[in-house]
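Dropping the structures in below, format is structure tokens.
Look for chain A in each of the two complexes below; its partner is chain B in the first and chain C in the second.
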Partner chain A sequence: MSATETPPDAPGTPPGQISIKPQSALVARLTAPATQKLILPVVFLGLMALVPLVLDQSSPLLRDATLAAAYVVMALGLNIIVGFAGLLDLGYVAFFAIGAYTIGWLGSGFFAEANGGEGIHIAVTGFAASLPGIHVNFLLVLVAALIFTTIAGMIIGLPTLRLRGDYIAIVTLAFGEIIGDIAENGDRLSIGDYKLTNGKQGITPVDKIDLPLVEPFKLGAIDGRPWFWVALALVALVLFVNFRLRDSRLGRAWIALREDEVAASSMGIPLVKTKLLAYGTGAAFGGMSGAFLGSYLNTVNADQFQFSFSIFILSMVILGGLGSIWGVVVGAIALSFMNFRLIPELRDAPSLVGLDFELTDLSFGIFGFLLVIMMIMRPEGLLPERRRQIELTENLEGGDDVPVQAVKA
Partner chain B sequence: MSFLEVDDIQTYYGNIQALKGISIAVEEGECVTLIGSNGAGKSTTLRSISGLTPARMGSIRFDGQEIAQLPPQEIVRLGICQSPEGRKTFARMTVRENLELGAYLRKDHANFEGDLKRIFDLFPRLDERQRQKAGTMSGGEQQMLAIGRAMMGRPRLLLLDEPSMGISPILTERIYETIAEINQQGTTILLVEQNANFALEVSQRGYVLETGKVVMSNASDALRTDPEVQKAYLGT
Partner chain C sequence: MEAASVPVAPAVPFGEKARAFISTYGLIAILAALPVYYGVSDLVNDGNLTRLGNNLVAGLSNGAIWALIAIGYTLVYGIVELINFAHGEVFMIGSFVSASFFGTVGLTAATGVLGLVLGLALTLIVAMLGSGLLNVMIERVAYRPLRDAPKLAALITAVGMSFILQNVGLLWRGGSQEGITDLVQAQKELFSFGGVTVSNGDLLSVGVTIPLVLLMTAFITKSRLGKAMRATAQDPEAARLMGINVDTTISLTFLIGGMLAGAAGLIYALYQTTIWYFQGFTAGLIAFTAAVMGGIGNLRGAVLGGLIIGFIQQISDNRIGTEWTPALVFSFLVLIMVFKPSGLLGEQTREAG
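For the complex of A and B:
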């Protein structure tokens, strides 16, 4: 009901009424609120899908775009936890790790002894079908990653249920670190005869994405386009779910929770369930993206799962605008291009002015500086969510009719 | 058996005991008020009933059902809705969105518009400000919204926590007129108030709380003329 996309401060126009008279049935359908909402995502995704056609199939730009798409999925996931539900999660890397290990375990030669060295193969074709280890089709791995990370998200959420604000941040931070440590030392942890992870050496190679009806992504192939399209499909899926959730009953419960926990609870919003669903959903997206990245980067190794990754994703959310879906998309694209292209390209810039370091060493310094600038110039983010913009630009604390002294008297 | 029976509840904030055995009863259709100074346990009693701060000991029965250990959403589902202390409106949401959240647990969407109209009849000010952000309204208007939001849950028992807090006398009077109207329309009300004058005027019975205990209970008229109550709580 509250989803009518009319601007908030338009006195005089009653909600839900369109003042222009539609000229034809088509125009009427195009101006219907539901269709209007679809136009932007469809145009955006459609244009993005054309990008690989103008690029060379091995273009580094295509690689950057694929990574950016994967990071958009991550950032949209974190946005549900931090932006919608207001639970500051500093350990998002945990879900990246769990998603990546899902494909590491289920889509590589890591468990070489599985099935007496014959390997276990589920719905895989081509080269991988003849290799030892466990090889499960990418789509099934994606589902497994989704399930694993949802459960992990809820488990990580549990101890934070009684906490608020900064304390949630500390607990989630610790969980991110724990998962990172397990990844790093997993080569010394074993279940039966099997190592848990391969530590810093990493699990490699990882199976290429193998989609039904499409020719398998060839090992060593230089065509980056199918990867980009798969990443884009994930973005489309996650965007769709994000929009649907935002306008759903659950979405409103998240926002109510973010605004005021006590009030939300008095309205009958179940705090435990609502929070756990936020953690679970947000984690699931991180896991899906993690599984994709594991396959795309062809390695799952402990060095990938650092605390700085959580901060990187969080910066995307904040830069774009907490809680704003399009803002987060823009933030994720901007920061990943900066990280994977702009900064590496200017790597030698400091030496030109006689300084002895590479610009890439300063990446996080640059992101930090950028965030500080943002907080000063545009604290609500690049494309702010409507509500948050109001908080930062209007005084909402007022509300006492009586001067303080009069109340005391 | 009474509609609401609170029997010897003890409630703690951490290790600090806020309620030291409170027993009160509310009959269906009544308006009952709890008065007392700061820290007497009035709000804590309401929070124990609504499940926000569950009682550690004692029992609370609503319409015959034990609710003391139920989570807040189950208690709301049974028909106990609360306007919390300090109003707690969702500042960045519009008036209408706030009211929609009040009906969060209800399944009967058909009656939603009708209930909304009823709230706007009770508080015409809210009708005018449907699309305004709650946080930009005055304290009195926010209080109206908090009560209206609780009413959207179709309460069988309405809990009101200090509806006059920080509100101008004129608006307080108007809000209390509406509270009386809600009660006359058949909603049972349990009211907590530091400003006892208005509260005792609209309620039929009252309890006086001091440091976590009930020290007096009587008809509201009798409490209003009681010299000790007058001295301590009515400021006359």
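For the complex of A and C:
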């Protein structure tokens, strides 16, 4: 084979000059593996985008769907850290908090004295432009949240570099708790004349999303649809990044790291860089979703940043399947609907059988139960990723002689 | 001649030296920072160390509770290399069992001394058995099926168990902090020495902890079953080949760890006189910090770590503010993990290496 000849099976890039049959070029492009991979995400997102059209503008279902979409973003972010790179992060709530406070600080009247009480306004229109405090356009806030959380993710990742296994889980958990404590008691901390956070009182109201070319959004009750579409756009972004990263050099490095750190490093994978990129990337999505939720829920409140939130998101990843992108999407949608719709609807069920409590009291016990049951009965999740399934079950079933071909990711 | 006999010091680069110095003394320096700072400030402001002394006494009593819980972490980690995340909840259930049992045996603030001692001894046994058996059950249900699976799996079930037990606590005694009868008049002054007050609660805490720790140490070092535990911790496969029933030994380890947590639960309930379903989460993390500080897998280390953490916590509660104590303890946890994951007395482990 000469150097100039294109390999006949180069996927997705049909050679222009050496076309075998001219009329099949388009067909070839459409049936190329790269295109086929796109079909499912595009159809999924397209269908999802139509959902608000069949629902009432102020339907509570639309609100649940918007929250679910925001949680899909977080779960896919956590999936990068736990699912791809195998670093168990029990403090993911830290990134939610940092993202939410980014919009709390940069998109509310919290710093009311800023600029002598006149406020600082960057690319904002409408009502917010006339308010005191710092008001920055939502897209810029999103970028800021991304930067802040990426840095925070790497800082939190640093101390875990020398550690393995469960120690990583505990250190990340400790960081999550520290951030939560700072959020809660931040009203007693001040920088100059300003409080750091507003503790359990919460920073409220938060600026509504303000996109170029469209009117600033209004609060959910009036028209919830634009919020859903923005959340869906974030889902599209995170899905794209997840798929592209999984199949990239970096993604393969993460999987190698997850399977055997020593072997990976002796094959020349830079451990520090690879791990920090996993933390940074995963954190960035937690931050973006956090900024969105801050605006959507109209409050940035220390009560939101509890350890149980980290476990809520982790349950989504576990339920769907560690490392399995579609699995995590399904897990996140299922659990957020369970949390916001199913459990509240069945709230009185225990009293029907004569028990004296409400089902909502049990929600975190239910998630705990789910974690235990999943890990014992089906550790690979509902929609497993094949490679991960083999990893998780090989010791249990003596599957050392799994043929190499089966391990194709 | 002379020059030849003098050993030439190997040229150690400064960076290496500094690193060695930090890894030897860094942790001690970090731990000493708060007591020394406030000790000096006491001397400057009050001219004596009474306030720090009071912190020390209260700190040691708290620390005794953390030490009892930390032993459970360390024992279990030593034998199955798993952080028993639900251990804090086992402690919480110990408190709840105690509080419920007070009513059963009819202990009230008016009970006489003899009745109180007997009743509390009975409660101690019940709480220890309850927590111990619960811990054994957790191992059977949640950890044993996953013993050969990746460690991530067992840790996740541990977190799950912890949530389930929290919910059990929530349903059992409600969601808010609950005051319970101050049976031993925990804050009442027992005696005072140079301005440093020792209260009933301090005596109870130390008086229950020391015999328990001694008993447990004797059991592990002297008895046949203790020997089996140590052998299993060293090498489960070899222990099995030597005829040790590894499953039973692991259950026994969980039983002992749970029993100590149950005792800690009773002391906590009597000492703090408030209990709630969430107490296990924070206590668990504090005790885990203590276990890591002492060197995980090391019993003496767990006790030492517990006492140090108790002291630091008391200083923080008293001087910085109760609301910052958890953040401070977690910062210590991170610092230890970064600079000396092997802890004060521990050896390098595979995890921390």
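Quick note on the criterion: the second predicted complex is superposed on the first by the 359 of 409 C-alpha atoms of A that agree within 3 Å, B and C clash if a C-alpha of one lies under 4 Å from a C-alpha of the other, contacts with A are read in each partner's own complex, and residues count from 1 in each chain.
By definition in this document, a residue touches a chain if its C-beta (ideal position, glycine included) is under 8 Å from a C-beta of that chain, and two chains touch if they have at least 3 such contacts.
No experiment lies behind these values; they were computed from the predicted model shown.
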First, second, both or neither for A:268, with chain B first and chain C second: first
Which superposed partner A:361 touches (first chain B, second chain C, both, neither): second
Which superposed partner A:307 touches (first chain B, second chain C, both, neither): second
Partner chain in contact with A:260 - chain B first, chain C second, else both or neither: first
First (chain B), second (chain C), both or neither touched by A:240: neither
Which superposed partner A:249 touches (first chain B, second chain C, both, neither): first
Partner chain(s) touched by A:371 [first = chain B, second = chain C, both, neither]: second
Partner chain in contact with A:194 - chain B first, chain C second, else both or neither: neither
Intersection of the chain A residues that touch chain B with those that touch chain C: 391, 396
List of chain B residues in touch with chain A within their complex: 50, 52, 71-73, 76-77, 81-84, 87-94, 96-97, 100-102, 104-105, 130-131, 133, 135-140, 142, 149-150, 153, 166-168, 171
For the chain A and chain B complex, residues of the former touching the latter: 1-2, 8-11, 15, 249, 252-253, 255-256, 259-260, 262-272, 387-388, 390-391, 394, 396-402, 407
Residues of chain A defined as touching chain C within the complex: 86, 88, 90, 159-160, 162-167, 169-171, 173-175, 177-178, 181-182, 184-185, 188, 307-308, 311, 314, 318, 357, 361-362, 364-365, 367-372, 375-376, 379, 391-392, 395-396
Residues of chain C touching chain A in the complex: 82-83, 141-142, 145-146, 148-157, 159-164, 166-168, 170-171, 175, 281, 285, 288, 292, 321, 323-324, 326-327, 330-331, 333-334, 337-338, 341, 350-352
